[in-house]
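Once you scroll down, you'll see the structures, which are given as structure tokens.
Heads up, the next two complexes both have chain A, just with different partners, chain B and then chain C.
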Partner chain A sequence: MCFPEKGCKKTGTRRRAVQENTAGQLYTIEGIAAGLIMIMTAYLVVNATSVYTAGDTHISDMQLEQLGSDALNIMDTPETMNAQSELRMIINTSPPDGGAFNTIFLNLINGKAGTGNDHIQYTANYTCRTDPGDSIESHLISYSRPMTGGEHAVRVTKWVTVKPSFPFCGTTNTNRTVLAEVLIWRD
Partner chain B sequence: MTDDYGTLSIDFLVGFTIFLLAFIWVISMIPGLLIGLQSYTIDYDAVAYRTGVILAEDPGWPVSPAWEAYGDPQKFDVIRFGLALSKDTPNILSQDKVNRFFSVSTTDPSVGFIYPDDYHQRAIFGDFPYSFKISLSDLTNFKVQSVGERLPDDYGYIRRVVKIKEMSYATIDNVYDTNHSYIKSGNGSASSTHVFSLLINNTKLLGEVTDPAYQIDPSREQITINITELKNLTPADVNLANVKIYKLDSGIYSNVPLPASNNPYVNGSNVRLPSSWPATAAKNVDNVTLKFNPQFIDSMKAQNSNIFIVLKFDLKDSVTGLPYSGTFLNNTQALDNLGVMNYDNLDGQKTFGNNPNSTPFDYNYNPDNVTQPKLRDGVLEVAVWSGETGIDNTSTSMGSSSTLFSDNFDAADAPAGWTVTGIADRFSGTPHDGAASIRLRDTPSDISRTISTVGYSGISFSFNMGSKINHAGRYIQAQWSSDGGISWNTVKQINNGDPEDDNDLHPFSYSLPASAGENANFRVRFIINAINPGDKAYVDNVVVGGIAD
Partner chain C sequence: MARLNDDAQWIILMGFLISFSFFFLAIIINQSTVVGQTTAESVIEFPKNDIRDLRGIIEQSANMPYPDNATVNKDITVLSMNRKNAIVKYSVFPPNLPSNPHTTASIHYNNGVTTFYENWTSL
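Moving on to the complex of A and B:
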């Protein structure tokens, strides 16, 4: 510092050199730029990705299950008050009337309001507990075509009460409740 | 000099903060990479499923009076469409609701509900302007009804299998008419006035059958009564002078005015008698059809009551126009409170209460009296998407079904043209329809026939069949084959002890799979596995139909 008693002259306003340190502003700009780049990249990546997971198949599975469940319920609903349901009559014959099941079930699940039919296939059986013996038996009712193992099938079931007049699921002809089970898939 | 090298600048802090926030946000998006983002198609399927459930499983709201009874002035009280008969009978649809739902107009509310606004508010819901198409296919009658627009390439969809409940009806034909024709309608003197009454016993109807799918409930579905062949009973002109309604509730008879909206139909007209009737009698009547709307019955609040429908016929000489005294359909002694024959001042208690001369026709669950409600198969489809595609004005029929083959076995040489095994003879005893049926009996027997379906699809197979089988394990089957008889598909089997094993004919109708059409080897067969004398089966009115390609 210049003090006049020491001989230096004050020749004018002496300005102290001011250095502006703008290095810190780069951090802000860099931060914003980096943030924008990351966000844009993530958005592009996510939008381009469409991973078909098990969660996406549940819609078509649900539609098929609903259709199969409706068809079995309708087949187990008698046409008139004192009639037997078609499903009961089919199971209540020895052997089960697969031809009738094939005709009726395919007509129900493949029928559409517009032109043309759907292409849904099935395989159906019923399961019962033997009397006497108390073991589980499964009997084929019918199928539209054999399953090859590659089909993505859904399972629908219906409990059906039968009143057989012949030895049924064992050696007795007592009334029985069996589980009708149908696997259905779309070609 | 101040040394600020160790101090983080504010700029650095701001920039680093922005970087961290963006980094955290990107990291939080990583789990989303594992989810297929197809929200719009899932949404359409979900909306279609919801609408399908509402239509197939819900009766709509309000229930009483039912929404289908609401005309345009009251339609804002309709909260929700639903086609189910009741909430206890999902997938069983009411014919009345179906008819009302598919009465559509874009401009005229007197024709039906307005498309699309009325449907969007009451079936689709939500604020998003979805486009939709709702269709119902009657698999038995080959009829399709739809409301909505043309389907685009991609849409949300659900299909439901349903039953449609047919309405019950009674046909009073010439046989009944003849057996209930009397010379008088009153107290012994010859009369040109004849009174015929019918009874709807709601207590019995609602008490004997409680399942809505098979119940006859006049307050929920229309009932129809046809009185036919009246001219066969008399050479005179028959005039329908009046119809009165009486309600018996807690022992008290009361007259219920018949509104013009429930006036009868006569002579096959599809228009009810005008409001000027009965001031001006309906003349020269051969048949009368009574159709009572459920809303009218419901308004009577007669769930625990009897309803008497009392018709007055006047006979006039066809030449002179003077009253003609003779026998005519007549089952009621219409008395006034003094016990004198007087239809115009009819007293319910005197007429129906313990009066042996009044025997109303009972609309009940006796199949000899009333054709019972029957369920037929149908398919309900709902499609939902966004964007307009134009209203679908295609025909509401899948195409007329032509009769490819029919045989009523009335011909003297029946069953000529059929291949016969065992015993199958033309039978004019009971049961038969027309002149004769075919009877299979006593030993394993069948009749079969090849019917070419080339040029046709949508094959239907209808017939009347019944049996009287006295031995367990014996049955009759109706079958069809797509390979000329190598393998058979059974559509109907009647076993010993089944309801149809009653020595009577019962109608059956089936739509067959695609393999039955376009098939020169299509074959039908009726077969009985009887081995004992006395086991019999009957077949009549065989019809094979198809839709020409």
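Moving on to the complex of A and C:
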């Protein structure tokens, strides 16, 4: 029988009786809502296993690499034609002129618009091939502070031609090419 | 007699809808922290500065006399392999007057992901 108190209505004309039963609507809505809440919870639980932070995007790494690469490029550009670049002069002395490298490089990468300086540290060395043969050797140029190993550093490199008048990686007074490598990190 | 009261169904449904949309917006804002990851990583991974640097050093070595140019060639090849994980092979050809007054170089570079080949001619 169709009782209004059970949510059943009689619609239709006098000739044709149609019964519209709306008794279960609230139950249906409640069921759909419960299902959606369960799906949401499952998603939150699974997503919580990997937390993404801003460092995971590597945007700051990319910016730091570009900064260091530009600084090394500036240092390896001679000021006038037939002059030597600063980086070449630094590596062309025995031992390498670490003080000059420190001053120039820190000035280049720590400059900020406005007052104050940035806090970027570095360790620089150069690698050369021991002539004759295929072995390589690395020598320190300078560093701003000792590396503890916990820094998140990026590496930038620059090829430098030198012609040292002292014994250098197996030759003397010969044109050589070394790779200047600098590890940069932000304190 | 008692009736089943189904008056507030519409407003309850709207309430659920609004809360689900809040949740969705919270997810969108939370995921926005990783925007730019693949862009930055592809910029880091592409060796643009390496290749430009290599071209510069090879052009510098084009005027070196023998045997310095052979020493520098070996320097670049060995150091690239050991420190830059890249295979570099290049040859510089001096001018062949009078028919060819230009210095030419052919440069091959391959770091396992990107290869670069250039036939460079001087002015």
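Following the convention adopted for this analysis, the second predicted complex is superposed on the first by the 129 of 187 C-alpha atoms of A that agree within 3 Å, B and C clash if a C-alpha of one lies under 4 Å from a C-alpha of the other, contacts with A are read in each partner's own complex, and residues count from 1 in each chain.
Rule of thumb we're sticking to: a residue touches a chain if its C-beta (ideal position, glycine included) is under 8 Å from a C-beta of that chain, and two chains touch if they have at least 3 such contacts.
Source: prediction; values computed, not measured.
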Between chain B (first) and chain C (second), which does A:178 come into contact with in this model arrangement: first, second, both, or neither? second
In the superposed arrangement, which partner chain does A:59 touch: chain B (first), chain C (second), both, or neither? both
Tell me which touches more residues of chain A here: chain C or chain B. B
Which partner chains sit in contact with A:106 here, chain B, chain C, both or neither? Use first/second/both/neither. first
Once chain A of both complexes is superposed, is A:140 in touch with chain B (first), chain C (second), both, or neither? neither
Touched partner set for A:38, first chain B, second chain C, both or neither: first
Enumerate the residues of chain A that count as touching chain B in its complex and touching chain C in the other. 23, 25-26, 29, 36, 52-53, 56, 59, 62, 73
Note which residues of chain A are touching chain B in the complex, please. 21, 23-32, 34-36, 38-39, 41-42, 45-47, 49-53, 55-56, 59, 62-63, 66-67, 70-71, 73-74, 77-84, 89, 93, 97, 99-100, 102-104, 106-115, 117-118, 165-166
As the complex stands, chain A meets chain C at residues 3-7, 22-23, 25-26, 29, 33, 36, 40, 52-54, 56-59, 61-62, 65, 69, 73, 127-129, 131, 134, 136, 156-159, 161, 171, 174-179, 181
Listed in rising order, the residues of chain C that touch chain A in the complex are 1-4, 6, 9, 12-13, 16, 20, 23, 31, 33-37, 40-41, 43-44, 49-50, 53-54, 56-57, 60-61, 64, 68-69, 71-72, 74-76, 78-79, 82-84
Name, in rising order, each residue of chain B that touches chain A in their complex. 9-19, 21-23, 25-26, 29, 32-38, 41-42, 45, 49, 91-92, 135-137, 139, 144, 146, 151, 157-163, 209, 211, 213-214, 365, 372-377, 379-381, 398, 472-473, 479-480, 487-493, 495-500, 510-514
